[in-house]
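All chains are identified by letter, namely A, B, C, D and E, in their written order; residue positions are counted from 1 within each chain.
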Amino acid sequence: ACGDSPNEKAKNSGAKTTVLTVGMPNGPLTENENPFLTTSAGAKDGYRWVVYEPLMMWNPVKPADPMKPWLATKAEWNKDYTSVKVTIRDNAEWSDGQKLTADDVAFTYKLVRDNEALNSGGVPITDATVSGADVTITFKSPQFVSQQKAIAQIPIVPKHVWEKVSDPKSEVNKNPIGSGPYTIKSFTPQTTTLVARDKGYWQALPQVKELRYTSYNDNNAQTTALANGECEWSFVFIPNVKTVFIDKDAANHKIWAPPVLGIHGLYINTTKAPFNDPKLRVAMGMVINRDDIFTTAEAGYFHPLVKSVTGLPSPAGDAYISDEYKGKDYKVDVEGAKTLLASAGYKLDGNTLKDPSGKPVTLTLTDPAGWSDYQTSLEIVKANLATIGINATVDKANQDAWFKNVEAGQFDAAFRWTEGGSTPYDIYRTVMDGDQLKPIGTASPAGNFGRFDSKDATAALRAYAAATDDAARKTALATLQKIFVEQAPMIPVGADNIGGAFSTKNWTGWPDDANPYGAAQPTQANALDVILHLKPSA
Amino acid sequence: MTLSESPAAPVGEVVLEAEGLTKHFPVRRKLSDIFTGKRAVVHAVDDVSLTLRRGRVTALVGESGSGKSTVARLFAQLYPRTAGDLRLHGETTKVHGGRRFRDYVSRVQLIFQDPFGSLNPVHTVRYHLTRALKIHGNAGKNAEELEAALAALLTRVAMTPPERYIDKFPHELSGGQRQRVAIARALGADPEALLADEPVSMLDVSIRLGILNLLRDLKERLNLAILYITHDIASARYFADETMVMYAGRMVEGGDSESVTQNPAHPYTRLLIESAPDPDRIAGIADATAKDRGNGEPPSLIRPPSGCRFHPRCPHAMKRCTVDLPPRLEVGGEPGHWAACWLYDAETVAKEGVGSAADPSIPTPPALHLPEEAR
Amino acid sequence: MTQVLTRPLLEIKNLNVDYGLGDEAVHAVRDVSLTIHRGEVVGLAGESGSGKSTLAYGVTRLLPPPGVVAGGSVTYHPPTGEPFDVLSLSHAELRKFRWAETSIVFQGAMNSLNPVHKVDVQMMDAIKAHEPQLSKAARLDRAKEMLRLVGISEDRLDAYPHQLSGGMRQRVMIGMALALEPQLVIMDEPTTALDVVMQRQILGQLVELRERLGFSVLFITHDLSLLVEFSDRIAIMYGGRIVEEAPSADIYRDPLHPYSVGLLRSFPALRGDRRELTGIPGSPPDLRGMPSGCAFHPRCPKRFEPCDKEIPVLGKPDDHVGPARTVACWLHPVTAG
Amino acid sequence: MTATPSSIEQVIPGQGAMAQPDVTPAGKKAKRRRFRFIANGKATTGLVILAIYVLFAIIGPWVAPFDPDKITSDVLQAPSAKHWFGTSHLGQDIFSQILAGTRSVVMVGAIAGIVATVLSILVGVTAGYLGGVIDEILSVLSNVFLVIPGLLLIIIICTSLPRVNDLTVALVIGLTSWSWGSRVLRAQTLSLRQRDYVEASRATGEKTWRIIFFEILPNLTAIIASGFVGTVIFAVLSEITLAFIGISSVSSWNWGTILFWAQGQQALAQGAWWWFVPAGLAIAILGTALSLVNFGIDEFVSPRLRTSGHGPKRTSTGEKVRMKVGFTPVIRPVEPTGTIDMKDGATR
Amino acid sequence: MRFLLQRLAFYLFTAWAAITINFFIPRMIPGDPISSFLARNQGAVSADAIQSLRVLFGLDQKQSLWQQYLDYWGQLFHGDLGLSFTFFPSTVSEVIGQSLPWTIGLVGITTVISFMVGTTLGIGAGWRRGTWIDGLLPATTFLSSIPYFWLGLVAIAVFTGPGSYFPSSGGYTPGLVPALDQYFIGSAINHSVLPAVTILLSSMSGWILGMRNMMVTVSAEDYITVAHAKGLSERRVAFSYAARNALLPNVSAFALSLGFIVGGTLLVEIVFSYPGVGFQLFQAVGAHDYPLMQGIFLVITISVLVANLLADVAYLLLDPRTRKAG
């Protein structure tokens, strides 16, 4: 009677080498395969990128590298990056057998343009026109700093399916038709199983024949699954990763966590005295022990160290560091900081630092209670600041209130992240953008939480984004870096990582330092590229 | 302490008077009643008239559930009455709470049926009595006066020496002692009328006697009007000046105690008296007197029998008994002795014949001593 | 009663019952000896707390914890076969013995019936436990018969206890007690909660049944007047001991023990002359600190020399010539032997 | 003591009071009653443990061998003579954290217990005594609070408050967990209200508020006490759970915070059991102590649980006797003779 | 009957009050679904997503709270619980529908087992006071005083791991498709053992204790002594007489606890990553997913009320004294 059970095969298929188990700590999901929505199961687990494909494949680990052709065989930007002409490959087929055409691409871009809710990258599309296999997409503003959002992060959907959808934003798309090599075999709130197409894919079929995406309830469950080998690939914070994960199977359990161009650090409210004094902020930056934070709070991998004083992580940011700061790295320098402070009129009175007006320097470090890595970081920062006599207290805030307060500039200092992108622009914009400068009390959700007021920085940001040649960009970036280093509007500590934890027990070919061809994170748009690289281990 | 040993008021003065006192308790309705608009009630007390006089004890007897306690609580104004009039010294009173209620209770005090239940287990004798004195302003001005008043109260109920009892908790006292505390508490208000609801039913014979003697003594010394409720008709004879008999919420007979107990007129009273254990009737158990009288069950008070409520059990029932409510009829020879029974209406008896409508399953009664005219 | 009652049914000898063990023990029944003959109604009187219930439960070993039988023997004489000691029975034997040979009607029938089972279940339970061979129909018949016997219509078998009035419940209990035709029925104040009319009805029925079925009754109450009317012999308890025992008429007419006298003078008479009620002064003894000598001596109007020193023995008084009565009082000394 | 909770909201406040029979102490000595409570072995054990906790709550932060916040290089060390309970990933001394955390736990438990108890008394007793419309309204109110899942309500309230400290956590827990107790109290009050002594004090002329506070409340003491104990357990568990799931942002230490850190660092997966186990045991022992006190209260309220005590007893001669309902033990000093003298008897 | 109608009216009113509160409370929380979304994706979602989410959730349209409240009732009467934010555009009904069976399955069954086992042990402990079974009490009390999550986590640490029979998380083996076949059900059972046992351990003591106390109380009743006097067998007295009466208050407590199944599972589901409704609610609270929160609250409210009503009915059925003749 069980002959026709859908589970029989799953249970019996002992040949594990055809299956890759992927996990994310998202909790139970509902069947929602709308590829545009970040709330969909496909987006949360990441498998939307193995069903749907973008025009180009971008490698966030090496953001400055040219993009890899994918559904488009090439993409040509105009000089000021307001329009791009892409050539659609002619051998791609939808999983229902229909051919993928330039019309589908233009339709997709117009769909995104017309439905703001689907435009999660906020790409200012104005139009998409077809001519033969070419599609020309135009934008309201220069897209140099967000090229990847424009052409590497919009999934292309079939026109013949989506034109029938009346309300695309509430479409759950239960039977997704995509151009990728996988189709959904089954969905459950806990696990989605995908199988490789047997034909019609435009390039060689993957060796991973079946993908199982499991959504674990939380980090602990995810970590345990990784450690047990139940899950082979995930992206999750694992404290003390060596004992908890790697040592469980040292030969196969691997962590690879390259940074991207997005950083974490201590935002300082630059409107509050004495912290409106750049020297004080610089001195604070000099005593923070990033290594401690990296090893203790971030388990030695999760937020890769930012070494360069420019705040740019390595290797992703190497290409952008200006000549002035090349090779200049942060190091803990308590004496230097003390000297700097003394020169600026501060006095160390016993264990207390007094500002030039004679008041003790104190500040409150806040972050939401539940964010344990940030909390640990703050504890370390607190201890570090004590070395120059700054008396810091750590406040475990309520998450909602914290968000509100940080956006409204009502805080002393807080750990937070910056935006990330394909250039350092996003980092600096988040920290220093004068366009985002709002009075204290008014929310500025998109950045400049510390109310850093620098016309030069704002101008340089605008110049960088709109530049039409590399030289102009270089100058603008150098200006930004100088301001960032000298005025320390934010003290960078670590970078966002775009890696993952994986096991080589069954599959090899993962990206690593030797071959950093893509981000090892299952939810990234280049996850498919990673999967296509995988081969059964011997 | 203001309790007066010999009040000026004359013996026999009417203190409390009830006329047509009626109490119906609503009962939980069935769904069908909601639609038919019927309201079911327990006819706990119907049309009761009763007078309490100074220096006199009025006994109220009747079987369990006949409404005796309800009468007492109506007198104490603990229940609002459904109908009827209650007069204190001739003045109609109807109080619910507040000052006027307190004024009322300071003159009319109730002693509860159950000596085990009416004292709060967490409080001492001192607390109970002090409260009674304080509420009614009899506690004196200072601690010594209060102490003296407490001692006087306890002495009055023969709990001597007072120090031995004053700081005891109720459970440390015997049933008789508790009952005395309850009486003392009632006396603390310096009332004119005392409503004693079965003060002895739960006690042992020897303790029972002590309490009754105490009450009698109080009546004489303090000139109290006492309502003595019991189902022990023998004790009513012994202790009360006047005895009233209740059956199923109605008064069926009344008169001075000796006549009511020695010459019971109402068939129910007779039944009651015949049923009382009688050591002189040794070995007569299996005789006719012990025979089951009817089904022996008291009637439903939700749908009480029409006419005389006793008629389904009455061996002398006549047709009229099943239809008309008998009024109070004078029982021949004894002034003030009345019975609510058609047997004492010569006309009816003559017309219908005694026992003409009695349930045949009821065995023939023993000889009936009807007054001459009724035969 | 005048029948010759010679064959004993239950012989209680020197029974002691304690509540608690060791030093904390309360000696509620002390050294009680009492014989119940076949077909006899024995009344047990005494004021509240004198140990009447304790004695009855001790005999059947149904005392609530921490009660323990601390000595003595209870010999049961079955109609056929050898007499045996109830106190030596094992639990299983005891279960068999109970209800089939002696049944009990408890003080307060209100609480004696299981509120969640119908009357028939409870009646048939008892029958089934002792006569398992009986078919269900036969058991039901027996239950119906018993109800009829106590004057309740058999359709009430279907009722839950709370649907019956107090009197009916009491009668159901009596019916149940008789269901297995036991030799002895112990009734502990079966009627105190009822009013006099109901009380008389029930007792009337009981007497009638006894005449028909011939069982013995141990009837417990503190209402002496009731006992005098209903029983053949009366034993009076005070402070855990039997202080007097005699045919009921003798006790009524001529009580020997001052305590019996006091009891009889405590209840008002309904008929006849209004007699003087003297009652018993003082309060009942504390079981933990019993007075020395005769337990009644502190309240006794006639106490004299030996009363507070030595405990009087229960025995046939020398100064009395009538038949079969015993008393424990120094006023009526007993010569040993 | 009701609705014995299915699972996770382990303790429903006042759970201990459900099965309580009559509160009238049937003829037991009231004064001795109080000592009896202490004399109860379970209750004494519970009280002694509680006393130790309270002591540490007071002196804990001072006697702690280290500053619980102090970051040292002794990272993740197993228990040793220096660090009795080992250290955390920041090298903090866990023993000191436990000591420092006791105060918060004890305080929150006590305050929440008091707040919830007072509320449950106000609502339950008032509703039960006054009856009528007031009763209906108050009953709906407590039912609504019963219906809303307590822990979640607490989570929601805690997330919506800008600043959360021990006091607010305690107040929130107290304000949301009174409904069970109030139900139990209402039911008890309803039955007490019909007691004769309440009626009697009314007939004596007592005012309503005096009846409620002086006649009824004292009779509810035991239920209130066990309800209080139940709420305290519930509050402690809630506080710890809140801290554990990172909701409450208490900056000071409590055992939940310790567990939060331990869990955030996957202490168990790392094998750092010393980080996880002591706090859990501290809670479990505190909970057990409170339950023991609760047992004590229960047994002291219910004379039936008290009588005959536990286990076999010994007679003065050292025999073992087991009390059993329905089968009274027989202990006869002398073996009765096998022969029965038929002539001997009371009829002589 | 009237009694039931009265209760029904009472419950309806309570339901209205609870639902109204459930509507307003989430809206009192500062913060909004979008910043929660950002928080959960620290850095991984760009600020550009904010606007698209705002449009997506319909937060760009301003509506008065009162209007929202009216709309909410309008939707409710159509059986529409709205769309979840977290899983937009999945409906709340779907989210609840897929998680509720797990919760009811795990916690419902364990509650029943816990009640049955606890009650049975309680009967034993109460009936044979002073025997070994009394020793259970301190042990179970200790277990029930441990915070549940702690017990669960320790159980995971001790009993799961590579090669262990017990899985550490989830409701079934990844890769299986929910179906009524041996594999799936076997896997579901296998996954539920550890959570179920820990729930049992921590919840049983309440039942044992309650039942024991009731047994002790009941076994002092006269009718128990009468049952002994009748010579009934020990078992008959213990079960048919004592336990049957002692059970009454516990049954209504049990019915009430059924109502807490849905609301009381939060920690089990967090600790064991169980795909149930408690975890969904926890997430919804964190994500400010009002529609989902309200939907789950509604389910909880209704289940508690229904359980309450059940408790009333159960009492009515089990205790003949409460059944009025006629």
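Here is the rule we use: a residue touches a chain if its C-beta (ideal position, glycine included) is under 8 Å from a C-beta of that chain, and two chains touch if they have at least 3 such contacts.
Please read all numbers here as calculations on a predicted model, not as lab measurements.
Participant: Quick check for the class: compute each chain's Cα centroid; which one is farthest from the centroid of chain C?
Facilitator: It is A whose centre lies farthest from that of chain C.
Participant: Please identify which chain has its centre, taken as the mean of its CA atoms, farthest from the centre of chain B.
Facilitator: Result for the farthest chain: A.
Participant: Can you work out the whole-Å distance between the CA centroids of chain B and chain E?
Facilitator: Whole-Å distance between the two chain centres: 56.
Participant: Give, as an integer number of Å, the spacing between the C-alpha centres of chain C and chain B.
Facilitator: Roughly 32 Å separates the two chain centres.
Participant: Calculate how many whole Å lie between the centre of chain C and the centre of chain D, each centre taken as the average of the chain's C-alpha atoms.
Facilitator: Distance between chain centres: 47 Å.
Participant: Can you give the whole-Å distance between the Cα centres of chain A and chain B?
Facilitator: 91
Participant: Going by the contact rule already set, what residues in chain C reach two or more other chains?
Facilitator: 62, 64, 94, in rising order.
Participant: Any chance you could list the residues of chain B touching two or more other chains?
Facilitator: Chain B, residues with two or more chain partners: not present.
Participant: Got the chain E residues that touch at least 2 other chains?
Facilitator: Residue numbers touching two or more other chains: 29-31, 156, 220, 225, 227-229, 270, 286.
Participant: Please output the residues of chain C touching chain E within their complex, sorted ascending.
Facilitator: 60, 62, 64, 94-100, 103-104, 106, 108, 111-118, 125-126, 129-130, 160, 162-163, 173, 176
Participant: Going by the contact rule at the top, pick out the chain B residues touching chain C in the complex.
Facilitator: Going by the criterion above, the answer is residues 63-64, 174-176, 203-210, 213, 231-235, 237-239, 261-262, 271-286, 289-293, 296-298.
Participant: Chain D touches which residues of chain A in the complex?
Facilitator: 220, 223-224, 227, 238-240, 243-244, 296, 368-370, 372-373, 376, 379-380, 383, 393-401
Participant: Where on chain D does chain C make contact in their complex?
Facilitator: It comes out as residues 307-308, 313-316, 321, 323-334, 336, 340, 342, 344-348.
Participant: For the complex, give me every residue of chain C touching chain B.
Facilitator: Chain C residues touching chain B: 1, 47-48, 151, 165-168, 194-201, 203-205, 207-208, 211, 222-226, 228-230, 248-249, 252, 262-263, 266-272, 274, 277, 279-280, 283-284.
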